[in-house]
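I have a structure I would like to understand better, so I am pasting it below and will then ask my questions one at a time.
Each chain gets a letter, A, B, C and D, in the order it is written, and its residues are counted from 1.
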Amino acid sequence: MSRIGVFVCHCGHNISQTVRVSELAHFAAGLPDVVVAKDYRFMCSTPGQDMIANDIREHRLDRVIVTACSPLMHEHTFRKVIEKAGLNQYLLTIVNIREQVSWVTDDIEEGTAKAKALLNGAVYRARLLAPLSSRVIDVNSDVMVVGGGIAGIQAALELANTGKKVYLVEKNSTIGGHMAQFDKTFPTLDCSACILTPKMDAVLQHPNITLLTYCEVSEVKGYVGNFDITVRQKARYVNHDKCNACLACTEKCPGKGISGWDEGLIKRKAIHIPFPQAVPQRPVIDRDSCTYFLKGKCRLCEKVCEQKAIDFEQHDSFLNFKVGAVIVATGYDLMDTRPLIQYGYGKYPGVYHALEVERLFNSAGPTSGKVTMRDGKEPQAIAILHCVGSRDKNNYEHCSRVCCMYSLKFAHLFREKTSADVYQLYIDIRAAGKGYEEFYNRIIEEDVKFIRGKGTRVAPSADEPQRLIVEAEDTITGKFVRLPVDMVVLSPAMVPRSDYKEIARLFNLSTDKNGFFMERHPKLAPLATMSEGIFIAGVCQSPKDIPDTVAQANGAAAEALTIVSRQKMELEATTAMVNPASCCGCQNCVRVCPYGAPFFNEQKGVSEINEALCKGCGLCASVCPSSAIIARHFTNEQVLAEMEGLMEF
Amino acid sequence: MTDFKQIENNLKKEAKKLLESAEVPVVLAYTRGYDEKHPMPFAAKSVADVEKIVFNEYCNFNMARYIMRFPDAAKIAIAAKAADSRALVVLIQEEKVRREDLVILGIPASGMKDPKTDQLIDSRTTGGLYNPVEYDILLGEEIRGQKTVSPYAVLADYEAMDKEARWAFWKGQLDKCIRCYACRKACPMCYCDPCFIDQNKPRWADKAPQSPGNMMYHLTRFHHLAGRCIDCGECSRACPVGIPLYLFHKKVAKECEEMFGQAAGMKLEDKPVLVDFRVEDSDQILK
Amino acid sequence: MSQAITPYLEMSQAIMEAGGEALKKCYQCGTCSGTCPWTPITHFNIRKLVRYGQLGFDGIEEFMWGCSTCKFCVDRCPRGVEIIDIVTAIRNVYSGGGMLPQSLRAFVGSLAARGNPWSGDQAKRNDWAGQKYPLYAPEMEYLFWTCCTVCYDPRNVRIAKTTAALLNETGISWGLPAAEVNCCGESVRKVGDLDLFARLKQKNLDYFQSRNVAKMITVSPHCLATFNKEYGEDYSVVHFTQLLDKKIKEGKIKPKKDFGGIVVTYHDPCYLGRHSGVYDAPRNVLKAIPGLKLMEMERSREQSMCCGGGGGGLWMEKLKGERLSDLRIEEALATGATVLATACPYCITMFEDSVRTLNVDDKITVRDVTELLLESMEINIDESVGDVCATD
Amino acid sequence: MSFEPKILGIACNWCTYTGADLAGTTRLHYPQNLRVVRVMCSSRINPSFIFRAFQLGADGVLVGGCHPGDCHYNTGNLYARRRLAVTKKILEFAGLEPERFRVEWISASEGNKFAQVVTEFTAQIKELGPQQKLKIDELLEKI
């Protein structure tokens, strides 16, 4: 038997104008289990609240029903009231007789009748309410940032500056990401290294940032506030503490490997640093091109190293980190354009893709900034092809957003550094950012030839075998054009990193059809994800330019702070729970939950629910065929009881 | 069309090979009941058992029902007719058993008979397939060229009835139900233990075999089988009071196929429809 | 007269209703016109044709007949527009009033009257066989569907004979279609006469159902693509080269005669390659012939250049210098090949013309893959057009 | 006194319930036959709730949820759409008037749509008359 207290509010006369409140209180008093029923002008006022608190103590009430405005307005207030009076805050039901009764009718008979029915339903429900306590978990205040490109660097610095400890994990041997490969950036033509290296250095010097380069995340356990992440530290074969970066070893090393940093344009030593301003400024040995690892003899680097920093016995090691939040900023790759045989990338040496051209322009690049092609000559005519693979149902339907702008930048650099004619083959010039249109106009004035038509074929020129012919239709004139050029630059689609599936699996992220990570809400929560405590920033979410990436990095840092700035975190109380006795192990709940809260316990053969991840939506409870799942505060019994009460009158 | 005797011999041959090589500890098939016309489900565990295996036109039992009886068997062989193979596909989709843990002995069969009436089972009351959709070894020649009629054709006159008549029909039928749960027992898809109707918290319906309780049990069970029922007709054959449950299950299966473009247990890579969604499902299905 | 024109949207509505809804999807990026083999050599421009269709501009009739439906543009279109359906729809709408070009009226008339485009007598459809081969009957496994071109066109009749002879070598049971059948209707459909196509198709379907045909072998890729795409799914249709490839692998067909290193290049017919996805079968057949050196042309497989015969092109008069088959012959010569092999009667006809008009018939001969295989198996049917490798 | 139907409403907290409140704050009037149960998401609705509602004598059941894509829990209403569609087909085949069970997507900002749907639905149910089929006359089953 329960002892229910019903408190009817007049809300001034908002309610009393179309509901006979005293009659309602009188009606309530007559209902079974109702021990006290009162009405008052303003239940939410202090005297009103005190009245409820006193009655709870005086009448030893174990359920409270407040018949007033919408629960969305004051449920929180009255929960605090009954909690202060010693009653569990969830033993409360609000009956909405203002927004959903008194304000929507002017017939007092109809209003009172409906109020009675709603109140009766609430009494049925109140009888079955159970006390709930929301679990409080402590929150680890450290953060892990995955990906050391400009997004990861920016987020790490922002968080570190607020005093939080940050672990920055980068797969490559240096941070900087693709931005460090560029020479200039649009639209200001700032030198990319000049604006990036200070931040890279700040990351290295920052006491709160632990830099983990040449590392990959291998396992993620735990949940928001309490992630337990294992990172694989790939063997560098160089002891970074001893090494003082004199780089003598890199001169002596005979090993030759393809330089991934220079997009394969040149070879680099087996022991190497990718580029002069690399952070950390420490070399690594690449096994696949080191003569010692291949043939078993050499070890020249070991001989010349005064610091004795070379250590061939090193092997991969696993490090473990506890963090409260994670920011995934794994960036992008350019689409491999080899399958698009019509452009002849990989077949004709004169065909380059965008990152290769960035390296050609870069003074630390393979040609030290001089625009010379693979055959050593300077091109006299260059064609830049837009939308290679982008905006194309057969490849990637999305627009990669930045290629128009960097293609314009290339055109400017080609015109500045060479005497070549430059053609741009485009469908639309998309220059919508701040200062972008002005940059576009400036390039037009540098006499770059714009041809409105997608490039459709690159083939060797019949009469000048060294040169290439680019075919397209200039749709403005309707003429089919053949452009004799020396160099063809492709602007390929920006796509997620090739291992995006692995990252998505590790952090329980879903991806769109192209592999970009899915945000919780495209407009209102672009940086949060369906996994609580995991945030995303930069191009891994969708193609964007550097300003937007930095803005997102700052946003993600702020969102991560909302979690790690607190020691404690209150979890939802109205989560779901599996009653193991009734669970038949069909795993429907595991299949439907968008948050991955239910999991299947192999030994017991039943499902269980990780309450930290559960949001309390109740989906699992309704798909469970043997109704074994209890959706706290909205259990099957409570809902059925309320329905019965509502239908009784 | 390979006749039943030949299929029986092939079944025995394969069962013997599997049990001899100990590739499987058990072969689910049929054996002789109390007479020729009433076979029984049978789990052959040794080469000696193989002699008892029988297959004839009365072997309607859906052996997929017994898969869960052998949880610790690493691998199970099972004789599977067309509908039974679809039941296996659904069980695999719902991860109750793994495809590699099954040796499916496919039986193309037509002309099955109902032991109770000794009449040919009207193919319109079943899924209308003759060849198993999934098998490792086929025990007979695939049946070709049978005039296949849509399994949902039999619904036409029930759908044509006006709703009062249909209500009277179904109320009359479901009132007959004595809640013996034979339909649940016979159904390979009803593996929940406990079933929702056995629960007390909440007590969805009264346990007594009266109309309200019967209605809640059957309507909810029709919903639980939506997109999962493989239309084998066993529930109706098992029902002691002869309620044509297959009709309602067929209607739900037809609606699911129209709304979600997927028939139950046809393709291994499908996901059961009610634990899946498509953003582009049209809102018309709610009208 | 003012230069301003208002869009005639009823016309684009009609085009869309005739099967060209994809008009809406095109954002005029120029990939199709940049890919189309006709754009560099004629005033035909597929993008402009679609644009005129989008807004219903008049003047569309001048260049709506230039397309040979080679599907290169469809495969490359970034918006996935079914451009061939648009071309067919435009032709259907505009040619409804009988505004067919002069050169097409004869072939459409013959189809309407005699069920084949060559004004051949319907009853004489199987005369080329000289009663040597049986008509199809239900217990046979394959219906050998002879395209009208190999039944009536003098040059291509030889291909009918070679394929029939080869069929007997494979040991499968097959039969010829009765004379009551008519053209599969591919070309007339692409020319836009959808009603005539429907009539032709129904007649064939009735014949198929009456004999409950299940499996078919076609000589012409045009029949292959039409049966697969337009005749419903209940027929399994293979091209002749696919069957040959299988039978060679099974050892049922063994080429013997060594061709002594003769250089051959293979032209992928658009309807066998891009429309039906068959690229390797014909090549395997050629490679099975001992001593035959196969050279690939620069534009081959998915990038193959059309011979110009599709979409009614076989019957259209093209100006000198505006013929794709001429360019293709030059490309074949560039590989150093002395034999241009292909697997479609339309291509054979177009290339035989070009070889003569460019008078290079001494430098290169045009052969169907089946003719080369038959020659290598040293089977000679009664009249021959000369062996390719008169070695001795 | 003319027949006053009893209509059960099940509304999702984030969208339809908030929409209903908005109808109140903008003082839109609609008939008072609707009695609303608040649940956290339309996907919380177990089909058996609907059968139970009709057994309890509801003359009409109105379910309100967020528009597909707006669900606070991302995919909840997408599952609900399928489950409630199957429920509707089962009730229809059993012989219940299909108009008695209705599902509407009503967002938090569509107060007027809520009022309009309730008004329209109440009139429709009034016309159909009392629901006697599934209704349990003597309430012998107490939950």
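Here is the rule we use: contacts are C-beta pairs under 8 Å (C-beta built on N, C-alpha and C of every residue); 3 or more make two chains touch, one makes a residue touch a chain.
Just so we're clear, the structure is a prediction, and the values are computed from it rather than from any experiment.
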Remotest chain, chain D as reference, centres from CA atoms: C
Between the pairs A-D and A-B, the one where more C-beta pairs touch: A-D
Averaged-CA centre spacing for the pair chain D and chain A, given as whole angstrom: 37
Chain A-chain B separation of Cα centroids, rounded to whole Å: 45
Inter-chain centre distance, chain B versus chain C - centres from mean C-alpha coordinates, in Å: 50
Centroid spacing, where centroids are CA-atom means, of chain C and chain D in whole angstrom: 61
Interface hub residues of chain A, defined as touching at least two other chains: 592, 623, 627, 636-637, 640
Shared-contact residues (touching 2 or more other chains) in chain B: 196, 202, 204, 274-276
Set of all touching chain pairs, with the criterion as stated earlier: A-B, A-C, A-D, B-D
Residues of chain B touching chain A in the complex: 94-96, 191-196, 199, 201-202, 204, 224, 271, 274-276
Of all residues in chain A, those that touch chain B in their complex: 582, 584, 586-588, 591-592, 623, 625-627, 635-637, 640
In the complex, chain A residues that touch chain C: 341-342, 387, 391-395, 427, 452-457, 459, 471-475, 478, 480, 482
Chain B contact footprint on chain D (complex, rising order): 47-48, 51-52, 55, 68-69, 75, 78-79, 81-97, 103, 105, 133-134, 136, 140-141, 143
Sites on chain C touched by chain A in the complex: 27-31, 33-35, 39-40, 45, 47-48, 75-80, 298, 302-303
